[in-house]
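Next up: the structures, one after another.
There are two complexes below, and they share chain A, which is joined by chain B in the first and by chain C in the second.
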Partner chain A sequence: MSDQKKNFRLEEFKHREGIDPDKTWTMLEHAIHEIYNQNISGLSYEVLYRNAYNMVLHKFGDKLYSGLVETMTARLKEIARSLEATQGGSFLEEMNKKWNDHNKALKMIREIMMYMDRIYIPHAGKTPVDQLGLNLWRENVIYSNQISTRLLNALLELVYGERTGEVINRGLFRNITKMLMDLGPSVYGQEFETQFLLVSAEFYQAESQKLIECCACGDFLKIAESRMKQEIDRVSYYLDPMTEKKITNVVEKVMIENNLLILIHMDSGLVSMLCNDKYEDLGRMYKLFRRVANGLFKIYEVMTSHIKESGKQLVMDRDRLKDPVEFGVSEDDIEITLDKVMMLFRYLQEKDEFESYYKRHLAKRLLYGKTVSDDVERSFIVKLRTECGYQFTSKLEGMFTDMKTSRDTMQGFYTSHPKLRDGPTLTVQVLTAEVWPTQSIVTCNLPAEMSELCEKFQSYYLGMHMGRKLSWQTDMGTADLKATFGKGQKHQLNVSTYQMCVLMLFNNADRLSYKEIEQATKIPSSNLKSCLQSLALVKKRNVLRKEPMSKDVGEDDAFFVNDKFRSKLYKVKIGTVVAQKESEPEKLETRKRVEEDRKPLIEATIVRIMKSRKLLDHNNLVAEVTKQLQSRFLPNPTAVKKHIESLIEREFLERDARDRKMYRYLY
Partner chain B sequence: MKKEDTVKLISAEGFEFVVDKEAAMVSQTIHNMLTSPGSFAERQHGEVTFPEISTTILEKICQYFYWHLQFASGKETEFPIEPELTLELMMAANYLHT
Partner chain C sequence: MGVQKDRVKFNVGGRVMETTSTTLANAGRNSMFGAMFDENWNLITNTESERFIDRNPDCFGVLLDLLRTGELHVPPNIPEKLLYREALYYGLLDHVRAAKWGPFDGNRLRLSCSMQGQAPGDGTAIRAGPDGGCCVAHGSMVHVYDWMLEEHPPLNLDYQRVNDVGWVDSDNVVIGVSERLGRGDGGMGLFSSHTGELRYKFHVCHENQVKSYTAGALSFSSDYKIFSSCKGRSNEYGVGVWDQVTGKQIDFFYEPLGWSLGDADKLQWLEGSNCLLVATMFPRKDNCYISLLDFREKRMVWCWSDVGAPFAVDEKRVRDAIAMEDNSSICVVNEFEDLGFMDLRSSAATSIRWSSRSRLMKGKMPEEPCYPKLALHAGQLFSSMNDCISVFCGPEWVLTSRLRRSYGGSICDFSIGGDRLFALHSEENVFDIWETPTPPII
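Showing the complex of A and B:
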């Protein structure tokens, strides 16, 4: 009753009565048949169990076991025959029914033969009854040639039916799958799965071919996606889970991988999707292509070349080049445009170069009073600040402050010099040198009236602010002149400072040669030429007349006031002829200045990092510097290395004595 | 006690023991008899005849069933076995898979 007692050997003890093995077996054999016939109500479990028990106990286990195998085999052969004889459609149903019956019978047989299962089988090394029942079914039913082919065809037909839109009996299919799996995964594989995968590949091969010929890429992908889902569903409804990976592989390979390039390069393929914002299709393409080897890489390749191509087109487009951003009219539109600009800005690697150009343009806008609205300017600077931090915009903001301070200063100047209100008016913008884009200082001779005013302002300003130095940026600034022409027509001319200097000379002369003008004004010749050009050679703005009437300004030319000047407008704005785009050398100049500005930044960053880390190896230092600076620009590793060396020379850092790759901070 | 919850065990001499199914199913053999999917005669009638088990032994076995339930629920007492019954009792235990 405990385990120990159960294992007690009973061999010496002989049972009260011997048994007749043949008679006992005949009785059991009959019972097995009755069980298969589902006619068991007349059978006593106790009697059957006791007989089987006694047979084992009296060493007739062999006879019992082989009898069972023989009887069951005979029964199954009979079942196979009847299955072979079933007509058409009911084959699978019949098989399923027979299989269920067999299982039920098997369970009962196992129970009455429990003692044999428990004692004889492990001892004699035979197959347990359960497994025996499965094996016999496999050998006699499934492996029967006719049944095997018929089963396979019936199953494949069902799958084909479902793929072409029929409704099939999934429950039945699931049962058959389960049967095959119960018989062993290899049975499922051999009898069904291998062929299933082959047939599926053929099916999808044919389907893709047809679709490629008549469908757009997006539709193809849609179908492929739904096919994929159908197959996954199919597996979950009635196939074994291990088939899922295999069948999706088939669909991926046949529908996607084999057609990868065709799909991408179709007229309705990747590029067309990108151009037409087909986000859903693109998403689908990504999801499907990522499943196959190289899929995403191909997308990547085509996308890269497309982006490069359209980028190039944008850059080459002359209209766009002139005005890359179309500004809207209303405040809201401007806001939206600015947000878009910020989007692009985020992708800039060299933000400091952007800053340098932006500063230059902003300076022009501010100084020439061309800003559309101060609010918009400020709002954009706030955006830049949010993106890049205070440091980045401090100079830009400084420019605004200068403008405001200058207004106040001018007000103060005129309050303290009330007499000056009658003469020409001077508006000075005092700019902090390091905040504004630096310009080489070119002075020119201002007309006497103006230079007098300038001196007054200078002494007023220096009187207010000790220790400052003012220098005049005569190449900037504008002037409004009142001019009276030959027949008495009056105009107000809006001109640049240089132009003003030139025009003022004509107050005292009718004819001036180029040389005379140059001498009187001391304007550098290149500036003077463009200045004269804009005064004399632009139609409807030609307040001067030139002799000879050539298209260029030469050093021997002479200039007159153009008495025939006419304009419908009272106010005439005379532009300056300037090159719209930077010339190559100017570009290099800007580039150099940007590089120059970077130097202290890189060095400061190196020192800051080393100060906190004390000891760091080269690669990590470069990486860290790059990381900290990337919001402004991408420092060149060689440049960083050069600065490290320069810092070592100046004894901020030293190399570690043992490891030359390590740097040590020295203060 | 409801009839469905009990089972009648009949000894070789025809002596009947009515016990709870729960107790009787301590024996794996009886358990199979009463739960097998096909309904054998025993399940239909609610009685099992043991032509090879004597009344004395069957009685002892029934006592054991109940003792086993108690033991399993934590009441650890001795189960007395008279030496003269030992052998037959073991035979029956083997048969009943207890």
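Showing the complex of A and C:
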């Protein structure tokens, strides 16, 4: 073993004698120069490779490496000098050409020195030849003071040129960018990108100032958008992808963010775009503003105040106040209008309040026979049902059912009492108490003919339906009366039940005082007053006269039949003077009733949720209740809390012993 | 077919050989032949003229054949070392290594050769490197061999006793040594496997003070961490964690009361479960302790110990342990080479399920016994006992092969890596290299 080793060392020694490091290096150095001179015809790759190998093998790796660094540095310094001497516009072309030449040479040198790269460099901890070539180029060429500034200026000039509409050599620019990136992202950043962003900011600052002064908002946005696109294109054509985000940030900040408020509030700004349906401009504004902080929020603010303003104007508009939705004539038009109504309806938060009013109006329409078409009414209810569910409309649908049942009942009544056909005709609408918005009122005294008829009907109906109770809603009916006036004029008067009661009194008397009427009819005084008002004080409808002739009905007034009553029409419809709008206390009343209706709903929802969840904390419970109820109304969290407490008191729920915020369902 | 246009003619040391550029392309760009495809040199344009290479023609022929077929056939008249040097010249050494032996299979292993070391004492550990090399620890020295079995300068850390060695990658070796009392020497160091120079020395910090310590067993994770069991001067008993890139200590798991971590004989990083297996065995301690540590939660997620277990007449003490993640179990071995298994899925094992099938050599103990060691590779379980290594396969761990040679005495350690198995003998300072032959021609 040790003999072998000695032999080997002897051989190695011989080898070392065999090569002359200086001579070998001189040859390689010459080759490196020739490669840079692009004159390789006299070189043999195999010979050069073997010589480089021999130097490493015989431990002259240090000499080879430092020689390479020295020679390459000298060549690059020379290149730098010649670049500095280049005149004018060809600087970048020249730089690109020299860079390509250097890379080509570097590749060939590495191929010669491959053995050094593989064996000597890792063990000695040196930089590999490829990287070394880049480092030396960076240090000697790019970082040379003159070249650095000149390169930057040349590049920025090209960008400026392209921004102002010139055609530039993008391929060349791309090559230079690639060179800077090859030398390291930090080189690209330092030597180009940082300055590029600064200069761009200045450029766009100046441009936006100019545009703001002379352009409409829409045009400004159009230009900003196209600038943005240009910059993104520029990055994709000849800059590094990492610049895209930075340069678009610059454009966003300088063009949009800095001018945000000016753009929105310009004469041709957001409000004008909204009013003039400039959808394209609005879209552009949205797309651009969303890129900057607060951009959409500002749009939101201005839009909100604009919409509020327009809404207020709509509400203040007297002409439209009565009938915010104009009804069409044809069925299609009605459909369309109803759809619009549904759209509005979707935005209502307190749907149950709507329901309450809707129900009242519907009741009036149905009872007074004022509906335009049953089909339309039903179709709207179907719409409501699809929107809010079966529960919401069940009562409304119940009203229709009642109407139909009543018709059948009346038919049955008259078939079973054929004798009654000669007397006055009674039409009774039997309303289910739960379904209709009725109030229990004092039944007034009906005229004898009528009350007899009513009793017959009542016994007929109760005979048909056991265990039901009928109460007469005398405030809701109508009557057709045939009247003959002093000079023989005959008219048919269409009046309300109350009015009918009053007028029938005059069959037996010429003059009646208010008190007498009140006593005879037992109509509640407020109703009686409006009833008398509409009979005596409405022009062309005044079938009664009043003494004294004042505008209001007093308790001491007296009434006569107006013998001079005239009308071109045979049928006279005498309306009831009712305040069209709800008075404040009535509003409160409705509101209160709605609130009252909500209570069981809220409690039922709480119990339903807790029954399935067993244990839930306060916030989640409130959120869940709100979620389940929001198709009908938005419950007030304090109200929900109150109901939870009430349920705890009634021992439906209890608070968790450990965590007071948790509720537990008791069963 | 027509005339081949890509023919290349070489004159190597006086012998003319012809090949095609297609064959040469197999050498890759990072070889001398790679330059031939570089148009700058205009090397293959002229098919008529020959390229002269002043090298050994016999070796060139072998290497050219390697490029043609992907197989390496070395005639007996060519010394391997000569071939390796020529391959290095052309940049084909990696090709030679890849063709020299086949992919590892425990049931097809053949003894490739045995190497004699110069170490004076008993062997401590042998570790296979990732590219077919190995390092061997004897006393305070670590000898490093590359895959050609060329020895590189040996490593030592303050000439302290080496407890464990490990390869970080093919260029870097970490050794853990005992501390030297009062001198701050010892601990753990990173060395270049080529030059033997110390590149970095790892520190243990306790309450912001650097402490001297004894580094025990080592393990490495694929996310560049180094684990080592540590015993410090003042209570730094436990397992330290360092970053391979920065060299900084990033964690320390202090030994819980009544448990052993700092004295561990074996650490094994489990990639799948993100845990470290720590095993301390008899006779280093009176009892065995095996645990899995989760460093993220700083807790032992699994543990087993034979403290308080009654000892039967045929005393079974656990001598080595290895976690088998695919089987969710830990395999242990006793001094009679009985294999035992413990379930990893419950958080604490109650008993070991000893496998009676593997009971091989009860009572026939040699004079100087070496305790069994375990290794796992690609679903095959390896166990060393005396002078042979047994290979177990399948779900029931059936004995399928036995590797044995008669010279060098008992096997004190073995290691698998770089598609090779290295076995270190205790008596004669010899280690064996076992390889799988290349696949058959047909």
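In this section, the second predicted complex is superposed on the first by the 618 of 667 C-alpha atoms of A that agree within 3 Å, B and C clash if a C-alpha of one lies under 4 Å from a C-alpha of the other, contacts with A are read in each partner's own complex, and residues count from 1 in each chain.
Rule of thumb we're sticking to: a contact is a pair of C-beta atoms (placed from the backbone, for glycine too) under 8 Å apart; a residue touches a chain by one contact, two chains touch by 3 or more.
Just so it is clear, the structure is predicted and the values come from calculations on it, not from any experiment.
For A:His123, decide between first (touching chain B), second (touching chain C), both and neither.
So A:His123 only meets chain C here.
Determine, under the contact definition given at the top, whether A:Leu616 touches first (chain B), second (chain C), both, or neither.
Neither partner.
For A:Leu384, using the defined touch cut-off, is the partner it touches chain B, chain C, both, or neither? Pick first, second, both or neither.
The answer is neither, since A:Leu384 touches no partner chain.
Applying the touch criterion given at the start, work out whether A:Lys107 contacts chain B, chain C, both or neither, answering first, second, both or neither.
After superposing on A, A:Lys107 lies in contact with both chain B and chain C.
Under the stated touch criterion, which partner chain does A:Gly42 make contact with: chain B (first), chain C (second), both, or neither?
So A:Gly42 only meets chain B here.
So which one touches more of the residues on chain A, chain B or chain C?
Counting residues of chain A touched by each partner, the higher count goes to B.
By the touch definition at the top of the document, which applies to A:Met55: first (chain B), second (chain C), both, or neither?
Touch status of A:Met55: no partner.
Does any part of chain A touch chain B in one structure and chain C in the other, and if so which residues?
Common to the two interfaces on chain A: residues 40, 45-46, 49-50, 53, 104, 107-108, 111, 114-115, 118.
Could you list, by residue number, the parts of chain B that touch chain A in their complex?
Interface residues on the chain B side: 28-29, 32-33, 36-44, 48-52, 64, 79, 87, 89-91, 93-95, 97-98.
Tell me, which parts of chain A touch chain C in their complex?
Contacts found on chain A: 40, 45-46, 49-50, 53, 104, 107-108, 111, 114-115, 118-119, 122-123.
Hey, which residues of chain A end up touching chain B in the complex?
Touching chain B: residues 1, 5-6, 8, 10, 13, 16, 35, 38, 40-46, 48-50, 53, 104, 107-108, 111, 114-115, 118 of chain A.
For chain C, which residues are in contact with chain A within the complex?
The contact residues of chain C facing chain A are 30-32, 34-36, 38, 40-41, 43, 51-54, 88-89, 91, 171, 192, 194-195.
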